[in-house]
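Order as written gives the chain letters A, B, C, D and E; numbering starts at 1 within each chain.
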């Protein structure tokens, strides 16, 4: 037994420990060092976990059990302890999320010097990190709820971090009420499943699942609450407010936290309900949510004039691509012919889009943050001619904008291509909406580029200089990731995306990992 | 602003009706359907973990990780309140 | 917050300590009786709240620094996580003390019994750690909200300062 | 029907809370309504685990008992209560700051972010 | 060229083909640039801005098109659609909660029936 079996526990508890200790850091230099250390350590742990899962298959870990893989105690048919279950999809999400977090953390180091209480920012940042990773490794419904709450509460604090700005408090308050309510209906869903099956483990519930009225009701509550947390369209109103008002590093981070909720939704739809759920209503609900998110998100983004608010609307529309891609996979789940025809391709596209979005959307938020750092505003009407003064930021922005718009050499194009071609098989309308969305995305980023970076230089921005080195390094991490994802798409598809898609589809192996190895 | 309120009220009634139907369907009050996991706790908490209080043995041992998370939520709330009421810069 | 009248303060000085002691009892007997770290911690935090209300914030903060509560909280949580890490030779949060003899290691009679204080392993340790954390955390929330009241009432105008 | 009164209480609390969140204008009342929904959820979990005639799941000086109520929902409820406490504290803090900045508690006037 | 090729199930796509395409474009641009006039000098009348014959404003703010004017025609043409869409984002928390409840109800009707 190598120490690596403990990785699912370590990957959550190390950032938690970092958060608890960080309030004792008195000196700013020490605190920054601690911040960077824990971030890098957790990223390495996430990478090791991904590698372990890639080599050894699905990893289960029994919290506090006699053995790490003793999921069923003798004589029991139900697991009794909390079980962490990491398959390739979860490990992939954790890896993508922690890379984006590393970048936003490096970006935020200099930001900490400007505030009075950097320790609290660091603690909240780590807690949000732990919450996000916990969502992605857990295999237990109630534990999922707990991590959802950690992530939510930490993000309320971080969104409102600039408490002297009324808008930040307002955004945080709206998000807080909505997300508390949504977490409560999630808990009601968990309670319903507990009342019916007497257990809280996802795999055990999946094994005994017989879909009736109660299960469907619980499914509705889960889907709606997680769709709201990830910002799908009829429930997206909080997202532009929150992402637009949070500090820039946090906005970059909130993107991956939203994707963690999306992960939970797919996990419940595929691994818990899966083939037990007859008919294609669920898949169509997810696809329609995706379509609405794509189109309305981007169409609202075109008319925004605040850079971060515009990017937040784009975040909604990118969420739509993932919802549609994976919803198409769910549509094809019951027939293997449809799966090989379009379903698997669509899922590959959707999952590839998750990592792409984490990288380029994070980078865009970081460039918006450095615009704010340098000029003090993100209102596009007040910016202009910054390309000469901030060459690195301009370059990064151009790369990220090209990638998000799906211009050919970049990675955004690959995932969008996979989604276009597979959705065209199901119905041409889906592909048309996806393409129109892509075009409007390009249009709105051309607008940002034109009014923010191009044009003659303004008198009131004469003193603007390039942002400090650590911020550039933070952006550079994501930029390098984007370029390498673009330059070797087939390696990425074969090693990162395909195992994740295969494990997500394969409900039997998910159940087997927990329920099969009992004595 | 009269219109949206009425729509919300209608759908509010629908949602609550569905939810109450679900609550009614779960099981009769006082007779849980399945209790294998809970019976395991009740029978084995004393012999496995030497804990007289079964609830505490669940909170801190069998589902200890939840409790860690919950303590972290409280910590998060304290940190958020402290960050929002921090000293003036 | 102004201090309350002398009657309230005197009564509070005498009886608040019983609250604290009862809270400590609930924390320490968490593995035997109903209650535990959270409940006991909340009771002890009531003690702090009583003192804060009766004597007013200014004199209370003259006696105790608010950093003490933060450090209580941090210490409790670090202790809890360390209990988890110490079990790591088996699994995270493994109960490595129960039924081993030694600290909190005695067995208990099966069935209803009078209770053995020295039992249940890390459950008792975690109870104490969480108790510390909750005392610190709830008191810190109270104190920060008290301090925040001043911040809220003195401003009142919007958008005071735009801290970049 | 009479046996299901705890379930009905859950439903009634949920309705009251959700009505408050949707149709009340004072943000403190909205926070209270969120707390009421929280209570209904906690009560729901407790109700799930009740067994008729069961005693509390604590062996210390338990005396004679036939069966115990299910302990897991109680543990879950403990966790959910603390989480609810944390979110309520944070909501109240945000309300204090909102009052400082906007000078009002009416939810219809706190709408600077729109469009 | 196996490296960089992605098979989508319907066709394939290669990233290096695109990179080479862009490199070719860059070469052409460089070639065109090299054929430019040799008597160009910086700092003379040659790089002055031509502003329709009018005097050029000193501050760049007067020259730039503000971001809220971009795509004016587009938003104008779709203004009825946009009015509806913007009016949904009222900024009032109660409305957001109401939309959430409506969504739950609609999805539960769809899935439960």
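The definition used in the following text is that contacts are C-beta pairs under 8 Å (C-beta built on N, C-alpha and C of every residue); 3 or more make two chains touch, one makes a residue touch a chain.
Worth saying up front: this structure is predicted, and the values here are computed from it rather than measured.
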Number of hops, chain B to chain D, where each hop joins two touching chains: 1
Chains touching both chain C and chain E, listed by label: A, B, D
Relative to chain A, chain with the most remote C-alpha centre: C
Higher-contact pair (C-beta pairs counted), A-E versus D-E: A-E
Of all other chains, the one whose Cα centre sits farthest from chain D: E
Rounded Å distance between chain B and chain E, as computed from the means of their C-alpha atoms: 45
Chain centre separation (chain A, chain C; CA means) in Å: 35
Distance from chain C to chain B - Cα centre to Cα centre, in angstrom: 21
Centre-of-Cα separation between chain D and chain A, whole angstrom: 29
Two or more partner chains touched - positions in chain E: 86, 89, 93, 97-98, 101-102, 104, 108, 112
Residue list for chain B, restricted to those that touch at least two other chains: 5, 8, 12, 15, 18-19, 26, 32, 35, 37-38, 41, 46, 52-53, 55, 59, 61, 63-77, 80-82, 84-85, 88-89
Two or more partner chains touched - positions in chain A: 9, 13, 16, 20, 23, 63-64, 115, 142, 146, 149, 153, 156-157, 160, 163, 166, 173-174, 177, 181, 188, 195, 213, 217
Touching chain combinations (by label order): A-B, A-C, A-D, A-E, B-C, B-D, B-E, C-D, D-E
Contact footprint of chain C on chain B as seen in their complex: 46-53, 55-57, 59-61, 64-65, 67-68, 71-72, 74-75, 77-78, 81-82, 84-85, 88-89
Complex interface listing, chain E residues touching chain B: 95, 98, 101-102, 104-106, 108-109, 112
Chain A to chain B touching residues, read off their complex: 9, 13, 16, 19-20, 23, 63-64, 73, 76-78, 80-82, 115-117, 120-121, 123-124, 127, 130, 134, 142-143, 146-147, 149-150, 153-154, 156-157, 160-161, 163, 188, 192, 195-199, 213-214, 217
Of chain C, residues touching chain B in the complex: 30-34, 36-37, 70, 73, 76-77, 80-81, 84, 92-93, 95, 98-99, 105-108, 110-111, 113, 115-116, 119-123, 126-127, 130, 133-134, 136-137, 140-141, 144-145, 147-148, 151, 161, 163
Of chain C, residues touching chain A in the complex: 70-71, 74, 77-78, 81, 84-85, 87-88, 90-95, 158-164
